[in-house]
Each structure stands twice: as structure tokens, then as C-alpha cells.
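For reference, the structure discussed in these notes is given below.
Per-chain residue numbering starts at 1, and chain names A, B, C, D and E are given in the order in which the chains are listed.
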Amino acid sequence: MTLPIYLPLGLGALLFGLGLWGALTRTNAVRILMFIEIMLNGVNLNLITFSRYYWQQNAESAARAPIITLFIMTVAAAEASVGLAIILNVVRNRGSVDVDKINLMKG
Amino acid sequence: MDMFLHSAWVIAALPLTIAALIAMFSRQLKDKAGWLGVAGMFVAFVWSIGVFFAVAAAGGGHEEAAAAAHEAAFFTTPAWHLVWHNWAPFGPYQIDLGLMVDHLTAIMLVVVTLVSFCVQLYSIGYMHGERRFTRFYAAINLFTTGMLGLVLADNLFLLLISWEIMGLCSYLLIGHWYEQEWPKYGSIKAFLTTRVGDVGMMVGIWVIFMVTRTLTWEGLASTIPELVKNPVQASALALGAFLIFTGAVGKSSQFPLHVWLPDAMAGPTPGSALIHAATMVAAGVYLVGRTFMIFGNVAPWVLTVVAFIGGFTALFAASIATLRWDIKEVLAFSTISQLGYMIMALGLGGWAAGNFHLMTHAFFKALLFLAAGSIIHAHHHNQLMHKMGGLRKKIPITFWTWLVGYLALAGFPGFSGFFSKDELLLAAWTWAPAGMNPLVAKLPFIMALLTAFLTAYYMTRATWLAFFGEPRDQHLYDHAHESPWTMTAPLVILAVPALLSGWLWAALPAEWFHSESLLWLEHFFHNPGVREIPTESAVTVTLMATTAGLVGIFSGWLLYAVVKPETRAKWIQAGKPIYTLVRNKYYIDEFYELTVIKFTQVASVAIAWFDGAVVDGAVNGVGVIGNAFADVSGWFDANVIDQLVVMWADISRAIAAQVRRISTGYVQQYMLTFVVVVVASVLLFQVIR
Amino acid sequence: MFSTALTWIVFVPLIVAVLMMFVPKTQEKVLFWLAGIATLIPLAISLPLIAGWNTAAVSTDATMKGMKYAVSVPWIQSIGVGYSVGVDGFGFTMLVLSALLFPLAVLASYGYIKERIKDYLILLLILEFGTNGVFVSLDFMLFYVYWEIVLLPMYFLIGIWGGARREYAAIKFFLYTLIGSVVMLVGAIYLYMVTGAHSFNILELAARTRLLPVNGMTTFAFWAILVGFAVKVPMFPFHTWLPDAHVEAPTPISMLLAGILLKLGSYAMVRISHPLLPQVAAQGAWVLFVLGVVGVLYAAGAAMAQKDFKKQVAYSSVNHMGFFVIALAAASVLANNGQKEMAEVALSGGFFVTISHGLISPLFFFAVGMFYERTHTRDLGKLGGMFLTVPVIAFMTAFIAFANLGLPGLAGFIGEFIALTGSYPAFGLWVLVAGAGLVITAAWHLLTMRNVLLGEAKKEYLGLHDVTWKEKLIFAPLAVLIVVFGVWPAPILNMLTDATKILVTGLLAVGGK
Amino acid sequence: MPPIAYDWTKLVNPNYTFLLPELIVVAFMLLIMVADFYVKEKRWLVGFAFFGVLLAVLADWFAATSEAIKGAIDTGAPLEFFGNMVIADGFTFFLKAVLMVAVALVILLSYDYVEKFLKGMYVEFYEVLLAAMLGMMFMVSSRDLITIYIGLELTSISSYILAGLLRKDPKSNEAALKYFLNGAVASAVLLFGLSLIYGVSGTTYLPEVARQLTMRVAESKEFIPMIVAGVLFMAGGFSFKIAAVPMHLWAPDAYEGAPTPVTAFFSVGPKGAAFGAILRIFLVGMGAAEFSGRWMAIWAVLAAASMFVGNLTALMQTNIKRMMAYSSIAQAGYILVGVVAAGKTGFGTSAVLFYVLAYALTNLGIFAVLTQMDREGGWVSVSDFKGLATRNPWYAWALLVFFISLIGIPPTAGFMGKFFLFRAAVASNYLWLALCMAVNSVISVGYYYGVVKAMFLENADREALPIRFGTMATVVVCFVGVILVGILANGFVGLTTAAALVK
Amino acid sequence: MGQYFMFTILSIVTLVSAYQMVRVRLITHAALFMALAFTAVAGIFLMMQAEFVAAIQILVYAGAITTMVIFAIMLSGLADIKSERAKKGGLWTKSDPFVLVVGAVFAAFMSYLYVAAKLPQAKSDKAMASVEAIGRSLFTTYMIPFEIASILLLIAMVGAIILTAKEAEQE
């Protein structure tokens, strides 16, 4: 690769940052969930980049990052399904997905 | 006689037993308690006489023993000594407690038991019908135990214990009529004032113990002469001696701690006679005499202080006595004055003279007090002299015995007081310490002579007002009656030694009659190491003293028998400022009231406030700080501090109320906080690396 | 033969307390009997121990050197904690005092405590378990465990059965002592770690910690530990919990609080803080002395201004314990400037103060309680003329007041006298300042007696019943002991001499010289 | 490409003795699922679950004492299995046992609650609970970041589900949502950190990570900022899991809203496991001195903040469940002191282990009573405790003991735990942290006091709680445990000390 | 140069999609933009020669998750869930462009770290791991996590059912 490593890493960080900001500012729970997925994508990009640039000593080490990514995706999927289930439940009981309105408990 | 000597402890044990019996069986005994006490004290008196003769037979001053061992030690080997070895350990030091009898003790035993006997007999009549009759007797007997313990003690510790027991009994007796205000006030005043001296004395004992590591007379006498050679130790010992003297000042009611004694008169008169005239107040004198191995060995400034305080007190109190109207108060100030005499004598090195006067004073002052009690009894508890007058016909026995006491106190030649006062003045006249201005060295003598004059004057005044002239209150006069025999008998008994005891050491007559036996007491009192008093000027001194006394008597007679009251009033008007000053006892009481007492009261209130507001607050400080911002004015408000179950809560709640605000319930703020902190700390760690 | 005796003394109350949990709470008589027996057993066990004291073998084992009736078995070996119990003069006198006061407290509770009797008695027994345990522990952790066990029952005893502001007083007591003890724990752990001794045994620990240099950390450790004890003593300025606790506590608990609980602190100073770090103690002695003197004066003054009888008595505890503090400070100064003998004098005197105060103050509180039970007031302005209404109680009160103000011939005097005898060489005439405290103490005692006992009988108090047999029974043993030890303190002082000698020469003197 | 012949067994190095507890748990999960279809009395399923966990505990003990494994532990070179994904050392066995016991207690105390408030959800509840436990077990038994991460996620996702089990209850929904959203962000942050660490070291196997990091740093100091950033992101992720300040904000809401037995589980289970994972990652992966000083400082700050914020905020709470949430935040702060110390001394690790055990017993005891008191589902106020000492004296006294254990007063397990933490802090020169702990113990009295006061000093205004087997059994077990661990600490100290050799 | 070009294009697509996710009102649109972003990232993965990961990315993210989100939105039938109205006066109301700024700042910071670390240029340009190697590792070394992941999915399924099923039962 001739591409400087900083570019993909930077993109990963950018994705993470964007996702973070989105997750923190949007009040729709579903949208927050989506931004979290974006953050995870940033992480994945980081992992693959590092792997691609440095950690290719053998088949074993080369396979490491993809596998980690695979697990992260699995988890993300599971998280998404459970998360959506929770959100749906909230919608059912409260009629809203606005996290600013979900404020029964505080202090 | 040796039988008595070897069981001398009985003398002290007897009144203790009786006191306990009376206390336990007060309901059964009732009036019989008095007779029990009298009987017991009679036995004790007989026992003391036995002891006295045994000691006398063994040879007064024990010259041989003294010469052999402790020539400069102001200590004579006791004739009898009973020691409880290893009574208790003070750390590694085993403290022995013991009782002992030497010549001084022997005399004191006789004096104490005799006076106590008389007082108890007298009280049967005087206190008759009193509802706390048994309490009075229990206290008197306990007191006697204390006094006997004091004179029998062979060490400072036991002496201190006895000393304080007497203080307690004094408190109890002064406050006998505790329903009334004056006794309540007087008792507390007495206890506290003497307590001030006692604390000084205790510190003195600690100093002495630190230096000598012993508390017995024998131990002190054997160690101190060596220790004073070291300047550091010597100065410590001098300090110790001075502090011990403060105890004597308190107990013997010397200036400036004299204020309690007049108020001690609030108690029953027989109690005053025993405690506040004859014995307890003399304990201070006894203490100084007893611990002369300290006073005599340390730097001379201590004894000089002693002498001047004594002399000043003597004059000072006598001057106050001239203007008192309450007959007991006159006697009280007279007692202070006479005690000052004794203290002065000791300070001047007139050891034997001081103790001699102690003895004679005990007799005649007890007599005077009891006689005064008899007057009061006869006069329906009136103590004010300007309501008396002409009583000599109504109460003849009282009058004649009073007269004996009066003349003895006034120093009328031939009476006991005359001889002891002479010895005392002689000691003062011959006092000339090295390096002191001769004029200054004569000051004690001058004060003593003036006192002799004033004494004679105020006693004459009192006698005249009470017994002579016309009755000033006819009603009281009409109802006056002679006391029962239980009261008059003691007067008669006491009148004998008051009249005669001076002849035990009658220096001038002895010279005239070449009778060694008239100097018997002088030999008996011999104490190795004390200053030898030169006798060359004895006649001069006697003349001066006698003149002073007679002038005093004359002027008293002149002023009260001859001069008209109106004229007196004019003269008083002329010397108004001085009159007011003396009449108000030089405002010493007021001075204390304004300074010491007020200070203590204010301080204690301040402390209590401080404790509630500041210390409590400071320890709970954080809370206070938390609230301080909110309400500075309410900072010390007790409510603020007291709200402290609160304690942490008050504080913590203030903080917590802020902290909990982070938990807004908004999930995104949670996340935001989280992320911000993480990122911020990442940043921070880049900075600090 | 006596090897398990101490353990029994400690554990019998606990065992009975557990048994009592299964007794129905309506069986009040049974419960009282059980509690009485449970508290009497330790006393009974201690009697042969007293008799055999002089002949009892002195342990030479390093973990319990100089102790009698000592036993040491491993407990938590992994951190060097052992079940080491044993007593020397200090511990034993305190143990006996505790064993003596608890039966009296149970007796005083009979008929006085009317609700939740079962809980009350169980807590009382647990309290005894804790206090007795403190006095026999030779291992810091064991000590600490007992120390904290004391805390809870006391909290409840005040908090449930106390007066109007009981909750406030109880939690104040609890928090003060808890702060003290957690800080103390940190200090002790620091010492444990820094020595590397791998032992919490106090004697073994002391052998090492005393060699540490005086620096910031050891100074911290010393004061951290000391503050824990100072709160209990209570030493000025950590005393403010005491008046509240006393005022609110029921009479029997006040008796125990003054008689035993405060002694935990003074005992612990003698046993732990000073032996562990004598070098720091000697350096900081003047602070301790100043606090002691200020405490004496201050408490006397504060007592004088109180309107509440019980609060006055409470302040007098602060006052008296000040003498102990002074003596302790003096001892640690003297032990290091070549006056070991005087140090022993000071220390034995100081400890005698704690013992005599342990006899006197419970009775004083009891006296206050007797008045309160009859008149339902403790206001000095309202009481009065008691000598004419209830003469016997008034007499008892006067007796105890004089004992408390330090009248010679009674136990209170001896201790103060000896303590200050020993303290004088260390601090010179400054001791006079403490002496002024004696006068003020005397003053307020007399004034209080004037207010309460003397004067005309008050109408509203006419017809009060005088002392009962129960009250006499409680009063007599302590009063007798006060007189006996006032006249003949040797039994106690002799018990203390060996212990003080060891403490002064072996422990307080820096470097063991 | 021709298939490459390889020896699977050799590559994987399986050991089913070691894996037995996990296998049993999985087996019982499946069993419960299947049995649901056949068993009429659904309550039996609780028995199954409980029995399964007990069996797993036994298996854990069996594995720990089996010859090969124990021998390896004794020689100081514990065996690793399944491609080095799990390690059979004392730390693993001890924490697994503690966590399983904790879950067993949760099962016991939840019995009544599930019947009352989660009607017909036996399977779901216990299934998910066991899954969470399984995740925890892997979290603590692995030296590979991947396994730890997956275990963590298994636990987390199960927890989200558990929090939302009261489907009709808006608070429960809200708890689940908040927990979920926070958790997802936190795990993303954690992963970001992981990616950085991976980037620098090229591996997720912690010993290798340690080796690589040291090499990198030896090559060039310039790597340190990146490593530190990675460490901080990971620490952030984990501090969410243990609810350390400032990542604690979700906890009170989640604890309050979740069904009470679930709260009990939250306060003990995931937290304990997360501490195990933290210790493992930081000690094994970043134990070298260049790193440890840094992360010790991080955790120290978090520890102090957690203690103060947790305790102070707890003072303001009126709902006991919420109060216990803050209390557990503070407790996490205490445990973090041990983590800090662990960077320097083995005392720290053993202290953490001991405290987790003590804390689990204590807290579950409290929650057992809370669970039974929870009548409306989710709200237990101080007034519910009024006069408990007269209504249910045994509960009251037991609660008292639990509270003093949390405060740290002897003779309880909590005291010994605190003592070990103090020791660890002092040994690692973090005296100020020890003092913070001391101060905080006292602050914490403030809010426990409210409950104790209500129980003992106030009069009852309602009826006694009925005695239920589940609650009673839990309380008794916890009570005995708290006292025994406090008094007979020696054996447990031995265990934790042995288990503290984290490799 | 090709790499730069490709990367630039893909990056822009990713970022624009992400920005649109923030901006658009309808959630469904946001979901679609998310799919686009995922796909673009998959492209970058392809550039990195991580074909397997790219494939999974498309399958799981662009496919499964996006579909799931859209389904969930549709199923709920609630207007509110579908769109997000801009709030008045809120702190974040006008912050849409801000997202890029914040993302950029974060990225800049991270890049600073990377640059500061002087990350060495690629040591090897070997091919990325083959699917076979990944598979082999997955079933040997990573067996345990793999199994846990399976249980994780099971529980996710169970959980989703538990949390949503009640309604079905009642209806």
C-alpha cells in the first residue's frame, strides 16, 4: 500500500467521532442506535488498517483482525436486535422514541 | 504511761469510731450522740495526757538523739512511731504511712482533745433541740479525727489527707444550717478559698517529692541538708517550701486568702470555736512548724516572706476587728490576726514561740468563742454588740470566764497570752538577718507591737459593749439568762489553762525566781537547728508590749466607757475615708468578687458557649464551612450546629445536591459526560505524559 | 489452669446473648435473670484471677511478653493476626472494673427499662463482650474488632432507650468514634506495612515500630492512631459528643459509658499508641499535655456553666480524663530524659485516675438518675432542698460529689495526686494550671450541691420516696471500693507497678535505653 | 489449495475438565429451554437453574483440584487451553466460583419475585441470567481480549434484556433503554481502545500484548501517547461496566427501573466480572512499570471520585434501590483502590478478590430483603423499613449486619475486605486513597443510618413481611457468610492470595 | 495514485452519508444513508484486500442491520419513530454541520497521536489473510469466542422475542 496509514486511520477516527456526535445529539433512539453502528465501523476500519499495514507476519496473525472484526459485527448485530426490541417496547409503553422524553428517573 | 504512748493511735481512732457510730445509728442515738462524743473525747483527752507525760518523762526535746544525728535538721526522733510500711507504691517508690508522737505532737494532742472535749460538752447545751444534732456530732468527731491525724502524721501525704478531711468537716459545719443563705455561701467560700491554698500546697508537695523522693519528716530531714548544696535543687526546694506555705496561708486564713474565715462564722458557734479558732486554722501554723526542715534549710527569702505575710495579716486583721459589730466577727478577725502572729514568729525563726502562742491561743480563743456562744445563746441568737450591754449581771459565769479569755488575749500580765506574746515579740525584736536593712528588719516587730495595741483595744471595746454599760436593747436584756451547766462547765474548764498555761514558759518570772521549771516548756519545745533567741532584751520587749496592751485597754475603755456615742460619731465623720475602708474590710471581698469570681463565672459561661458553638462546630467543621456561604450571619447559630445528625448530612447534602444534578435522567447527557471525561482524560494524559 | 479464663470472661456474655435471642420477649423476668447471671459469671471468674494475680506466671513469649493468663493461637495467619489474649496490670484492672460494672448496670436497668427489654439486654451483653474483649486483646486486629463491636450496641442503647434527642446523640457518638477508628486503622496498617513484621501482634509490632525514624509518615501514623483513642477518652477537643451522649443515654448506659467506654480510650493509649511509637509520642508530648491541661480547665469551666445536672457530670469526665492525658504526656517525656522513675509514678497515677473515675463516675450518673427518676428533671434551677426531702439519696450524692472533686481519703484523690506528682518534673509549674482546674472543679461541685441538696425543701418534691433496696445494692459495692481504694490504693497500684515499669523502661523510652 | 493437514487437538488443546462448569451451564440453559415445553409446574425450572449453578460450582471446584491443573498452578505456570483462549489459574477458579455463588443466590432470592411480578417468565429470566453468568465466567477466565470482549458483550446484552423484563413497566423499559444506549456507546469506546492497542501490538493475547508493547516502547518512546490513549479508552469502557464515576450515571436509573432481583444481580455480577477482566487486562497486558504507573493514577482518580460521588449522592436518595445503586458505585470506588494497588503489589489483587466476595455476600443479603419488600415493583422507600426490628427482627438484625459490613465495621466480611484494601493502598503508597476510603466509610453511615434508624428507632406502621423460603434462605446464607468470612478470614485469605497470582 | 483516488471517493461517500444521517428528517432515509456508508466502508475494506470482511460488512451491516432497523420502524407504526422534528431552543438544534466539525476535531486529535507515534510505513505488502486462514483460525484458536458468539446470538434472539413477544400473545 502506498497510501499513508494516517488516511484510513483518520477516516476511522472521523467515523468514530461522527458517530459519537450523532449519538449524542440526535434524540431519536433508533437514530442513536444507527450512529453507534457507525462508531463500530470506525473501529473496524482501524483494525483492518492496522492489520493491513503491519500485522501480516503469518496466516495466523493475518487472520486476527478480520476475525476480531467478524466478532464485532456479530455483536453489533445482536446488540442491534436487542436494542430495537427494547426501543419497540418503549414505543409501545410511552408512544415515543424521543430519549429526551424518557426521563422518569433521575437524581 | 508508756502504755498510753504505745497505743497513741487510739486517740485518733476513738473519735473516728464515734463519728462512724453516730452516723450509722443516728436515729437510735438522737440526743445521746452528744454524750457519746463527750465520753469518747474525755477518754481521748486522758489518753493524750498519758502520752504527754510519757513523752515528757522521756525527756522533752530528746537532746541526745538530736545532737547525735540531725543537729541541723529540725527534726527530733519521735518517741513513738508506728509505720505502715509499703502502704502503696507511687510507681517504683514505696510510700510508708505512719503515725508518730514527738514533743510537738504530744502538746497538740492535749490541746486538741481538751478543746474538743469542751466544745462537745458545751454543744450538748448549745445545740439542744437542733434537728441535725447527730450530724453535728458526727462532723465534730470526724473533724477531731482529722486534726489528730494531722498532728500524728509522720509524712506530708497523710498530713494532706487529714488536712482535707478537716476542710470537708469545716465545710459541713459552716453549712450546718443549710436552709439559710449565709451558711450556704460561707461554706462554699471556705472550702474554695482554702482549696486554692491546697492546690499550691499540693504542687509544693510534688516539687518536694520530685527533689527528695520521700515524704516522711525523717526522710526529708535526712535528705534536704545534702540536697540544698546543689543550687538547682535548692531553688526547687525553696519553691516547694513557698508553695507549701500557700497551703498554710489558705488554711490559717492569712492575707490574701483570709476572706473565708469571717464568713465561716455562719456555722454553729461551738464548731467555730473548735475549728475556726482553736485547731484547724492553727493547722497552717503547725504545718510550717512541722516542715521546718524544709523552711529552715532553703534560701532565707522564703521565711522572710512567711514573716512579712504573718506580720501584715496580724496588723491588717486587727485593724478590721476594731470596727466590727458582730461579736463573732470580732473574734474571727482576732483569730486571723493572732494566726498572723504565729506565722510571723515562725518566719522569724521563733519556732518555739510560735508554737507556744499556738497553744495558749487555742485555749483562750476557744474560751472566748464558747463564751461568745453563751452570750448569743443567752441573748436569743443576737450576735450584734450594739444591742448588748450590761450583761455581766445576768450571766456571771460567762462574764468571768470571758474576762479571763479577754485578758489573756489582750496580753494582760500574768495571763497565758502575755507570756506567749512576749516570746513572740522577743523573736521579732531580735530578728536581724544578714544583709537586711536593720530598719526593715524591725518592721515585723513594729507591726506586732501595733497589733498588740489594737488587740487590746478591740477586745476592751467588745467586752465593754457586751458586759458593761446600760442595756441597749431592753427586751433582749430582760430575757437574757445564764446558760445550762453543760455550757458553763466547759468555760470554766478552759479558763484554767487560759489563765495558767503561760506559766509553763514564763521567761521573766523564771529569771526573777530562778526557777528552771518555769522554763519547762522552752526545753520541751527544743528543736535542734532553730535560731537561738537572745534573751538580753527580754525586759525591754516585755515593757513595750505590756505598755502597748495597757494603752490599748485604756483607750478602749476611754472610747466606749467615757466618750459619748455622739462624740464617737463625730470622730468617725472626721476620719470618714479611713473608716469606710476599714469598715468594709479593705474591700478585699469585693475585689475578689470583681476579679476572680467574676472571671471564673464569665470564663465558664464563655467556655460553655464556646463548646457548643465553636468546638462542636469546628470538629464538625466541614458542615459549618458548607453553611457559611449560605448564611454568614447564622454561622454561630446553635441551630445550625445542632442540626447535625445532620453532621455530615448538612454538609454532604449541600454538596450532594449539586452532585446529583449530573443525574438528569437524560440518557444522552450520561453518554456525553462519559465521552467527555474519556476524551478529556486522553487529552490530559497527552499533556502531562 | 487459668489459660482459658480470659476467653470465658469475654465470651460468656456473648453466648448468653445468643441464647437469649431464643427466649420469648414476654419472659421479662427470665431475661433479666439470664442477663444478670451472664454478667455475674465474668465477675465470678475474675475473682480467682485476682486472688492468683501475684503468683500467676508471666509469659515470656515474644507475642505476649509480660502478660499474665496469656494465650496465643493463630487466627488469620496469612496476615499475621493471632488470637492473642492476655492481661497485665492495665488490662486486668480494667477488665475487673468492667466485670464489676455490668452486673450493676443490669441491676440498675431492672424496673427502669420498660420497653423492648429483650433487645436491651442482648445489646448490653454484646457491649460487655466488646469491652471485655478490648481489655484482653494483644493483637491489633483482634483489638480493633472488639473496639468496633462496642460501637453498635452503644449506638442502639442510646438511640432506642435514650431521652428526647436520643437519635441525634446516638449518631453523633457513632460518627465521632467511627471517624476516629477508621483513621486509626489506616495508621496502624501503615505501621504494619512499613515494618514488614508480618504481624499484628502489638508487642511484636512495637518492637519494630519503635525503631522507626520520626518523620512525616510515622508522625501521621501516631496521630492517626491517637485520634482514634482520643475521641473515646475523650480528649479536648474531641469531646463534644460526650455531653450529648450522656444527657440522652438512660442511666445504666450513662454509668457504663462513663465507667467503661471512656476507659477504652485511655487503656488503648497505654497499650497501643504510645508503645508503638514512643519516639513520636515523646516529641508530641507537649501537644498532648496542652490538650490535657486545656481539657481539665475547659471542662471544669464548661461544667460550671451548665444548667443540666447530667451534662455537668459528663463534662467532669472530660475533666478527669484530662489528668490521665497529662500524666501520659509526662510519662513519655520523662521516660526519655532519664527520669524513668518519675515516669512510672506519673503513669501509674494517671492510670489510677482512670480506674477511680471508673468507680466514681458511674455512681455519680446513678445519683443523677435517682433524682431524675423521682423528679423528672435534671434542671439545676428546679431541683433543690433534697437533703430535707430525700436525705439518704442526698447523702449518697454528696458523698459521690466529694469523691469526684478529689477529696483525700476517697479514690478520686489518689490518682490525681500521684499523676500530678509524676507530671510535675516534666512540665514544672505549668501543672499549677491544671491545679486551677481542681479548684474550679471543686467550685462547681459545691455550687451544684448547694442548688440540689441544700436549701429549704421544695414543696413539689415533698413526699418523694427515699432510696430503695435496689439502689442501695447498686450504690454499696462501688462506694465501698471508693473508700477502700481511697484509703488503701496499694492493691491496684501494686498491680500496676510491673506493667508501668515494663511500659516505661521497655516501651516508652525511645530506643529501649 | 490443498487442504492443509493439521492436528486440531494439538492446535486447540482442549480440556473439558476445565470447561466443565461452562458446559454444565450451557447444558442447563438448553435443558431449561426444552423443559419449558414439558414441565407443567414452571417453578421447577427455578430448581433446575439453581441446581445447575450449584453443579457448576462443584465442577469448578473439581476442575480446580484436578491433578494436572492444580499441579500446574502450584508450579506457577498455569495451563492454557483452547488455543490459549482460557487459562486455568487460581484467579479464574476463584472468581468463577464467587460469581456462580452470587448468581445462585440471585436465583434463590428472585424466586418469589419472579412468581409475583414476572408471571410466566421463568424460562426467560433464568435462561438469560444463566447466559449472563456464562459471559461473566469467560470474562474472568481468559487472557485474550477477544474472549473477554465477547464475554463482556454476552453479559451486557443479557443484562439489557434482564433490565427490561418488566415489559409493561415504563420504568423498566426506560432502564433497559438507558442501560443499552450507554452500554453500546461504552463498548464502542472500549473497542476503539482495543483497536489502538491492537494496532500497536498486533495481537489480542495479553502476554503477547505486554511483550509487544514493551518492545514498541523500547523502540521508541513516541508510542506511549497512543498506547496511553488506547488504555484510557479501554479503561473508560470498563469503568462503565463497573459504574465508576464518571461513567456511573446510567447505573442509578438502570438499578431503579430494573426488576429488583435483576438489580441485585447487576450490583454484583457484571461488576465483579468486570473487575476480574480489568485486573487481567491491566496486570497481564500492561503490567510493565512504564504503563502501570500511568493507569494506576487513572484508576486512583476514578476510585476517589466514585467513592465521594457515590456516597454523597446516596445521601439524597429516597428510594432504597436507587440508594443502593449509589452505594454500589461507592463500593466500586473502594474496589478500585485495590485495582490501583494491584499495579504495584499482589496485595491489591487479593484485596479486590476478597472484597468482591465480601461485597457480593453482603449486597445480595440486602437485596434479598429489598426484593421481598418491593411490593409495587421498583420502589422501596425508607418508610418501608419502619419498625422492622419489631416486625421481622431477624431480617432487621441481618440487615444491620449487612450494613455494617458495607460500612466496614468488624466482625464482618466487609471489614476484612476494607482492611485488605487499606493494606493494599498503604503498600502501594496510595495513602491518600486509604484516607479517602476512611472518610467515605463515615459518610456512608449517613444513608445506611436512615434505614437503620427506621428499622430500630421508629415504630412499625404496617404488618410483618411473610417469611418466604427464598428470601429467608438467601438472608441466612449471606448472614452466615458475612460473619464467617469476617471471622474465619484465614481460609479465604489463603484462597485470594493464591488466586492473586494473575498471569 | 489510484489508491488515493479510490480512497478519496469512498471517504467522501462515507462522510456525506454519515452527515446525511444526521441531517435527514426521516429515519428511514437515515437508515438508507447508513447502508450507503457501510457499503462505502466495505469498499475501503476491499481496498485493504480484506474481501471477507468486506463481504460480511455488506451482509451484516448493509443488509441485516439496515433491514432490521427499517423493519422495526415500519412495524411500530408510530409516526414519531419515523421522523425527528427539529426542536426549538435546544442546545443541539442547529448543530447539524457541527457533526462534521466534531468528527474532524476528534479525527485530527487521533491523527495527531498517530503522527506523533511516527507509525512506521508498512513493513509488508503481503496479501491479507485468505478466507481459509480466517476459517481455520476461527475454528481452532478462536473456537471459544466463536461458541460464545453463538450463545450471544441465541440470547439476542431469545431476548428480542421476550421483549416483544408479549404483545403477540395477547393479540
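Couple of notes before you dig in:
FYI, contacts are C-beta pairs under 8 Å (C-beta built on N, C-alpha and C of every residue); 3 or more make two chains touch, one makes a residue touch a chain.
Because the structure is a prediction, the values reported are computed rather than measured.
When the partners of chain B are compared with those of chain C, the chains appearing in both lists are D.
Touching chain A and chain C together: B, D.
A count of C-beta contacts for the chain pairs A-B and B-D puts B-D on top.
Of all chains, the one whose CA centroid is most distant from that of chain B is E. Greatest Cα centroid separation from chain C: this falls to E.
A separation of 31 Å divides the Cα centre of chain D from that of chain E. One finds 43 Å separating the Cα centroids of chain C and chain D.
Annotation: 26 Å between the Cα-based centres of chain A and chain D. Averaging Cα coordinates per chain places chain A and chain E 6 Å apart.
Annotation for chain A: residues touching 2 or more other chains are 9, 16, 19-20, 23, 25, 27, 32-33, 49, 51, 54, 57, 64-65, 67, 71, 75, 78-79, 82, 86-87, 89, 99-100, 102-107. Multi-chain contact residues of chain B (touching two or more other chains) are listed as 647-648, 660, 663, 665, 667, 671, 675, 686. Annotation for chain D: residues touching 2 or more other chains are 146, 150, 153, 157, 160-161, 164, 167-168, 176-178, 181, 185, 225, 229, 252-253, 316, 442, 445. Touching chain C in their complex are the following residues of chain B: 86-93, 157, 160-161, 163-165, 168, 171, 175, 178-179, 184, 187-188, 191-192, 195-196, 199-200, 202-203, 205-207, 209-210, 213, 600-601, 603-609, 611, 615-616, 618-619, 642, 644-648.
Interface residues of chain A facing chain D in the complex, by the touch rule stated above, are 9, 12, 16, 19-20, 23, 29, 32-33, 36, 39-40, 42-43, 46-47, 49-51, 54-55, 57, 61, 64-65, 67-68, 71-72, 75, 78-79, 82-83, 86-87, 89-90, 93-94, 99, 102-107. Chain D meets chain E in the complex at residues 1, 4, 6, 8, 11-12, 26, 29, 82-86, 121, 124, 127-128, 131, 134-135, 138, 142, 144, 146-147, 150-151, 153-154, 157-158, 160-161, 164-165, 167-168, 176, 200, 220, 222-223, 225-226, 229.
The touching residues of chain D, counted against chain C in their complex, run 389-390, 400, 404, 407-411, 415, 419-420, 422-423, 426-427, 431, 434-435, 437-439, 441-442, 445, 449, 453, 456-457, 489-490, 493-494, 497.
Within the complex, the chain D residues that touch chain A are 146, 149-150, 153, 157, 160-161, 164, 167-171, 173-178, 180-181, 184-185, 187-188, 191-192, 194-196, 198-199, 202-204, 252-253, 256-257, 316-317, 322.
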